[in-house]
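We call the chains A, B, C and D, going by the order they appear; numbering starts again at 1 in every chain.
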Amino acid sequence: MPTDAETACFEAGIKFGTLYHQFTGTPVDHDSAPGLEHAMEEAIENQPYCTNASVTIREDRLDEAIDPAVGYTELQGPLLDAGITVEYEGITVHTRMELEEGYPRMRVESVERE
Amino acid sequence: MPTDAETACFEAGIKFGTLYHQFTGTPVDHDSAPGLEHAMEEAIENQPYCTNASVTIREDRLDEAIDPAVGYTELQGPLLDAGITVEYEGITVHTRMELEEGYPRMRVESVERE
Amino acid sequence: MPTDAETACFEAGIKFGTLYHQFTGTPVDHDSAPGLEHAMEEAIENQPYCTNASVTIREDRLDEAIDPAVGYTELQGPLLDAGITVEYEGITVHTRMELEEGYPRMRVESVERE
Amino acid sequence: MPTDAETACFEAGIKFGTLYHQFTGTPVDHDSAPGLEHAMEEAIENQPYCTNASVTIREDRLDEAIDPAVGYTELQGPLLDAGITVEYEGITVHTRMELEEGYPRMRVESVERE
């Protein structure tokens, strides 16, 4: 049987898979990025045990990704920094996604017992 | 070769397929619905030739869809009313999606030449 | 009111928006590409009025997209060539998506009356 | 810092979030279900540390979900049984998703040290 901390980490992973695969592909530009960030945060915070989600669509990377002839791009993992916190049975798990050598890498930052 | 009106209708269809298949599955409750509606509208308005998108997550149907023991649901087509307007080469196409006998039906409402 | 040909083009657009926004983001490599192509074709052919869908994940572009250190990539529009045929009220519409100056462009190829 | 077992559980969660939010919404009927199951399995097995993914679109539930007047439905969580195995640093984690009181519930079944 998994420990509570292991279950908490599993739950955090589910949220990150959701964040990534639900929203990548969304047409986005500089004007619509803030509203999309907010909608993504609220969507994930609806899921069980999630106490916080923070999403940043990086303006600098968005700028590079947008072809001026097209005027927008599709949301992709490398454009995003994100943090998700899960609380399960007195365990708090902090997880993050950040670009690492060009690849959006998700990891567990800390597992805290109450 | 397609007429301009036929191309305009094709473009409107692309937007509806995007709206539906990008966003259904998103975790949603009453608090997060307005922000999600707005993000969906802005996302679709980024796409070429789209001059307006309006999305309503119907509160009455959302209410029925949310199991109180869970507290949220996943966005599904039947929860949505939506309208998308496309302008292409002087042609304006109005399209809508509404529930019709339990099935979310997308249709072209009007094709107007300038 | 739209003509039957305009409705047929709208229907074809819906299918292309579905194909693109349902499946982009899927983890894919050379081994899994053929099964994914097939699943995408069958999914779209389930939709109303669609008589044929053909999808090619271009091996040459997939090769460029896969970082050998990672071993797979996520399906993106530029990796795809696709064709969708819709028949509606005696009208046959052929549509295609192909890379054009780096951008996956969808267009109506022909509208044929019976 | 997380333990290897906690990281393994996080990784398994990512795969389940991906499986669910990438593929729900896909148009599916009895004929296309086997190919879709296979494509889903292969997609998830592409992801890091995933040694096995098995997906069953339950025929009995699919049958109930398909409106004969429409002929297909959209893939939803309650139609699916799935298992995902992750191996990370000598830890093997088995996870499953099954319908539990009408709700598709994902859980860690076992965490095995080598």
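Points worth noting:
Quick note on the criterion: a contact is a pair of C-beta atoms (placed from the backbone, for glycine too) under 8 Å apart; a residue touches a chain by one contact, two chains touch by 3 or more.
In this text, all values refer to a predicted model and were calculated from it rather than measured experimentally.
Of the two chain pairs examined here, A-B and B-D, it is A-B that is joined by more C-beta pairs in contact. Taking the mean of the C-alpha atoms as each chain's centre, subunit B and subunit D sit 28 Å apart. One simple way to say how far apart two chains are is to compare their mean CA positions; for subunit B and subunit C this gives 20 Å. Chain centres here are Cα averages; for subunit A and subunit B they lie 25 Å apart.
Each of the following residues of subunit D touches two or more other chains: 18, 20-22, 25, 70. Taken as a graph of touching chains, this assembly is complete, with every chain in contact with every other.
Subunit C contributes residues 18, 22, 25-29, 31-32, 35-36, 38-40, 42-48, 70-72 to its touches with subunit D in the complex.
Interface residues of subunit A facing subunit C in the complex, by the touch rule stated above, are 20-21, 24-25, 67, 70, 74, 77, 102-103.
Residues 1-3, 5-7, 9-22, 95, 106-108, 110-111 of subunit D are the ones that touch subunit A when the two sit in their complex.
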